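You will see two complexes here that share subunit A, one where it goes with subunit B and one where it goes with subunit C.
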Partner chain A sequence: MVDWLSLAVPLAYLGILIGSLATFSSLYRKRKYQKAATLEPWFPAHLQRDIYFSLLHLDPSAQKEKTPAVPESVVKAALLRRAKEDIRRVLALRSQKQALSVLLQRGSVGDDLWQRFLRAEKEMEEEVKDVVAEANAYVPNWGQTIFQSANEMMNNDIYRQRVSEQQEKLAEEKEWWSKKKATTQEQFMKELNEGSEAASPSVQSPAPKSPEPASEPISESVPAAPAAAVQPSDDEAVLVEAEPSNSGTPSGGKKKKGKGKK
Partner chain B sequence: MASEIDLFTQYSLYMDPASKAISHPSSLPTPSQTTTMTTELDELNALHRSLLSLDPQTFPHLLCHAQITKLRDTGNAAFRKNNYDEAVKLYTYAIDMALARPGWEPVGLAREELAGLFGNRAQAHMGNQNWPEALVDAKTSIDSKPIGNVKAWWRVGKCCAEMTRYEEAKNFLVKGLEIEGGNSEGAKELGALLVDVAAALQRSS
Partner chain C sequence: MSSDYTYDEQGQFFPFFILTLSGLVTLPLTYNLLRPSKDLENTAPRIKSDFKPEHADLVEAQKRKRLRKERRIKRIITVILGYIVMAWMVYLILVTARTTTKSYDPYDILGVSRSADEKAISRHYKRLSLVYHPDKIRPDPAKNETVEMLNDRFVELTKAYKALTDEEIRNNYLQYGHPDGKQSFSIGIALPKLIVMDGNGKYVLLVYGALLGVLLPYIVGKWWYGSQRYTKERVLVASAGNIFREYKDDITDNGIIGALASGEEFKDMLKGDKAESGLAKLENKVLAEESSFLSAKDRESLKNLDSVTRRKALALLWAYIGRVDLGDAALNAEKYEAAPVALALTEAFTAIALAFGNLRPIIGAFKASQSLIQAVPATSSPLLQLPNFTDEVVKAVEGADSKTHLTVQKFMHLSDSERRSRAVGAGLLTEKQYTEAISVAQQLPALEVSKAFFKVMGEKSVTPSSLVQLVVKARFIPPGCKDIPAVNQLDLEDIDPDEDDLDALMGRKPAKNRATKMVDGKKVEVKVEKVQPPLAHAPYLARDHSPRWNIFLADAKQGKMAVPPFTFTTFDKPILNEAGQPTFNVQTLKMQFQAPPQVGAFTFILNMICDSYLGLDTQLPITLHVEDPAKAAALEEEDDISEPDEDSIAGQMQALKTGQAPKKKTRKASDSSSEEESDTDGDAGDTSDTNTETEDED
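Then we have the complex of A and B:
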């Protein structure tokens, strides 16, 4: 007959040991999973993708009034936009990967960030595959070209943005130039006054400046102004001489201006 | 755990039955989300319209190109008659049209086309002695197409010099010469302008 009483102690010991290990393991796994789930996604919500799926799931019968089903062209356009956003994200991931892995090796960034990155990479891989499959479902072999079109669209977008950025500088430049013109004119007038006081024959009239809008001198210029004021006009005269070499430049008006200033 | 790829946020979109335009009638929780949604849907509708206008028989891109070329030629004619305001107006129309071309066309084409148009508009502005406008346009032109665009480099240098920004002019001209090489006719003009600018720089310093 087994002595149950003497076996009870080791059995209880084993039971407690295994039980506590199991509890720890399950708790640990749960926490880890929770942590992974609460990791912030790398990219914000994929709006284009959501719109695409919302369009697919748009149920015509669910709406009050009778609306026709979403035409395929709209869905295709939505898919194209989705592909464009995908391209942007894939390129972003590709450019970040190198830097991030270096940072990770040096220990500058935490493991969390790397986990987030890997997850984003995996998601994008699946997403691209999904888009290709969807595209092939609409038109055979569209999947092979949809990302080319999307890439071109993205490049065009980037280019247009650059153009508009460049063009936005116009107001700034204009303001700068009108201020500059005002100060130059002021200096010129001052020099002119001094010149007439000294009865200098070299400066005769303020005529060459007249085509420019005559804005009122705002501030008193520094005493050193007259010396500096002569030079711009000289320079312009030199430039004007070089000008006829350009075939397309109409030089008549500027020539006159240059001569007046000499 | 459901596969991540199958999860998405459902938006209650609405499609106008006649125009097929997609809209989002109810507003989203935050105003910024609403604006993002609106711009996104606007772009989607624009893309849809341009997709619909795509007709393999008519070659819309060729038509568009022909129209732009025509506007440009008319602008050139106006420029030759020293009618700079008219030329600027025509070039601006052409630029707007070129910018509105659909996005899936090769970006190289758009760059080529717009570089020429911006360069021409810069020249017309220079005819009017509107240096800041000309400078911005010429800069856009070299940004669109830095190589083989010697005229635009010259114009940037010229505009900066006219506005007495000699240092900037010199930098642009040196860069232009680097890119264009020193042998062509245009490069010689760049060099001549550079000499002038350097002389002016020396005098003013």
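Then we have the complex of A and C:
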């Protein structure tokens, strides 16, 4: 006859032990999956893809009224734009991959980030495949060249953006330069006048400057001091600045403008 | 319960056990707590200045808050508790020691030593019986004695004597300390009986379960997740992730500040409604027209941020950098609180930028740290670092519409009267403010490179894939110094450590003693000490910061980093003498890296950036000549005769004039070259060669 009562104690012990471990593991896994599912996406929403799909699925019959069917060229253009965004993302991922793996090894970033990155990589792979398939559906073999043209589009965009950035600076630089020119001209004229009035050359002008502030007649030197201060620093600045601002921005801007128009 | 073990019924032993345990925990913790901190920030001297910024009290309050946080209250409480437990246990030991029963010891009763032989014992007994026999003495009422007591005493004495005169018993005593001979071992458990009593079983089990089942997993889990939350740079993992996502190859000054504002640490700082409160006012003030350091793009980027916390953090950082008065004590306090947080995050950004290896963001990271420490925008004038300098003063000094900025060194290079005429005046600085600023400027640790060259330890030229040392010889020349002494040419030489100083040879630590050459060509051993530069003069930063110098090599053509930065915080010679005057000592900074595997000349840009001051950066081109080992060996044979020339001052000057330290080496031979080609025979010859060469000079 088995003594059930005394056997119950170790059985209960085992039951509690195994039960608690099982609960823990299932809870832990569930939470892990949940966390993986709620990982923030690497990239923001893919607007171009969304546009493409909404164009594709725009059902003309649903809208009763005379909305014309979406012409194929528009859909194709949307696909190209989608490919452009894809290629931008793929390039970004490629440039980040090496750095990220180095950082992960060193312990400078967390494992989460790596998981997110891997997921984004996988997603982009699928996305690229999807775009190729779609392109092939419109024109046979277009899939092989669509990313080339998308790449060129992207480069063109970057180029344009840079040009426009430079163009924006143009007005400001122009203003600054004309002001600069006016003040230096004024200075030179003043010096010339002084030179012609007094027989002594302009070399003399720095000489009286040094004792004046040393004696510290503040009320006296206030009008004189700025003038003295501006003069040398301006000359200095002109020497340094004249070259880049003169040859760099405006001429460069013009050159780029010409190209941009073309 | 088995009765083989005796439990600690009187509580004699468990206090010892607990005392040992608590001592094991408490004593190391005490040491850890009381040990003087060796942090850089606690040992460095300071720059003397009486300057108090506008919100000095707020900055001080933030500093104190930070100190309080670092005070480790938990550890202090643990230590105190540990000492209380230990004291209690010592008390218990003292108290219980008295109640323990003494075992029967005839030697003790008779009062003879254990070494006494039988004769001596009986003699002693006879003498005692003469004194203590009940017939001989009367009870002494003063001592409260009775006849029985006297009898008992005598009986005891007799018993003891009987025991000791028996040969066997006496031997047993002497050998085992017991009349019956060897005793069996009794094993006791130092647990109070209380624990093992029948009724208490379930409570003990409960405590045991709580300790092992709850407390232990909790502590381990807390430690594990706590350590997982932080990266190597002591930054939250989530922050590092955010900053990584913000990183762009062309990110610069304000962009980096924007990336730093994405740190999760700001969420801790701006908990609850703190993120919302005053945000509108803050943004208005920051985006006002006066903050010229913000471009239209930066303003746009702030407005485009969705997260409220991030928006506020960024606005606070900009307010801090632009020294914008927010007109509200709470906001201003938050502004000063945000800066040290961002400074900690720059570490993470630097690590990320280094992993990408692009030059611009790396330099940008150091510049961000400079501007956070000094509260000066990276694009603004370095002159703002000086006390009392405001935008107006800088404008007056630099000229109204100049596009380049004066560095502190250039400003101090002007004559005193010139400086005064520019900076002092109505609406500008007063005389007192001016002297205050100048005194700080004269204490800035500007490091000026005198010479930088490559060398391989014990070799004459750099061979492919060898371990190259970049030796930078530099001097601290505070801005505005007059009559700087010329560099002593002998200081510019770098002498290898002794061959028996293995640690130094392996590059594990600096040489214990460094040899320097005197004018007459003798070598002198100088004790190498660690000298710290003064703490960064950062009146707006709510934290002490010791300046760090980063030296790295960059490939200018590709815009990439070639050799990652080495950080220097201490120097090998005193910077100031006792009177507080600069010594202009030549400091030696060394970094090691592997030479490229190909032969050829590699041109690098040497960047030396101080992370605490703007405008003290140095950039200079430097060329690494990697020689073909075979060619270098051939050259050695030809050139053997002219070797002594190298150490003469004339040779040094020649090398300096041409500015080609490596070239000199190329002319010379390398030992490793022949090592690789020839057998051990040639090897031995080579080492002896180097030996004689160094001993020549003695």
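Note that the second predicted complex is superposed on the first by the 176 of 262 C-alpha atoms of A that agree within 3 Å, B and C clash if a C-alpha of one lies under 4 Å from a C-alpha of the other, contacts with A are read in each partner's own complex, and residues count from 1 in each chain.
To be clear about the criterion, a contact is a pair of C-beta atoms (placed from the backbone, for glycine too) under 8 Å apart; a residue touches a chain by one contact, two chains touch by 3 or more.
Computed from a predicted structure; not experimentally measured.
Student: In the overlay, answer first, second, both or neither for which of subunit B and subunit C A:53 touches.
Tutor: In the superposition, A:53 touches subunit B alone.
Student: Which holds for A:191: it touches subunit B only (first), subunit C only (second), both, or neither?
Tutor: Once the two structures are laid over each other on A, A:191 reaches no partner at all.
Student: Is A:180 touching the first partner subunit B, the second partner subunit C, both, or neither of them?
Tutor: both
Student: Would you sort A:123 into first (subunit B), second (subunit C), both or neither based on which partner it touches?
Tutor: A:123 sits against subunit B, while subunit C stays out of touch.
Student: For A:113, using the defined touch cut-off, is the partner it touches subunit B, subunit C, both, or neither? Pick first, second, both or neither.
Tutor: A:113: touches subunit C, not subunit B.
Student: On the superposed three-chain arrangement, identify whether subunit B or subunit C touches more subunit A residues.
Tutor: B
Student: Check whether A:103 is in contact with subunit B, with subunit C, with both or with neither, and answer first, second, both or neither.
Tutor: The second partner, subunit C, only.
Student: Does the superposition put A:86 against subunit B (first), subunit C (second), both, or neither?
Tutor: After superposition on chain A, A:86 lies in contact with neither partner.
Student: Once the two structures are fitted together, what part of subunit A is touched by subunit B and by subunit C alike?
Tutor: In subunit A, residues 176, 180, 211, 228, 234, 245 are touched by subunit B and also by subunit C.
Student: Where on subunit B is subunit A touching in the complex?
Tutor: By the definition above, subunit B touches subunit A via 4-5, 8-15, 17, 20, 22, 36-37, 40-41, 43-44, 47-48, 51-52, 79, 82, 99, 103-107, 110-111, 114, 123, 126-127, 129, 131-133, 135-136, 139-140, 143-144, 151, 154, 158, 161-164, 166, 189, 192-193, 196, 199-200, 203-204.
Student: Which stretch or stretches of subunit A touch subunit B in the complex?
Tutor: 45, 47-51, 53-55, 57-58, 63, 67-68, 70-71, 73-74, 76-78, 80-81, 123, 126-127, 130, 149, 152-153, 155-157, 159-160, 162-163, 166-167, 169-170, 173-174, 176-177, 180, 184, 211, 228, 231-232, 234-236, 238-239, 242, 245-246, 248-250, 252-254
Student: Looking at the complex, which residues from subunit C come into contact with subunit A?
Tutor: Per the touch definition, subunit C meets subunit A at residues 228, 231-233, 237-238, 240-241, 244-245, 249, 348, 351-352, 355-357, 396-404, 415, 417-418, 420-422, 424-426, 431.
Student: In their complex, what parts of subunit A are in touch with subunit C?
Tutor: Of all residues in subunit A, those touching subunit C are 42, 95-96, 99-100, 102-103, 106-110, 112-113, 116, 176, 179-180, 183, 209-214, 216, 218, 221-222, 225-226, 228-230, 233-234, 237, 240-241, 245.
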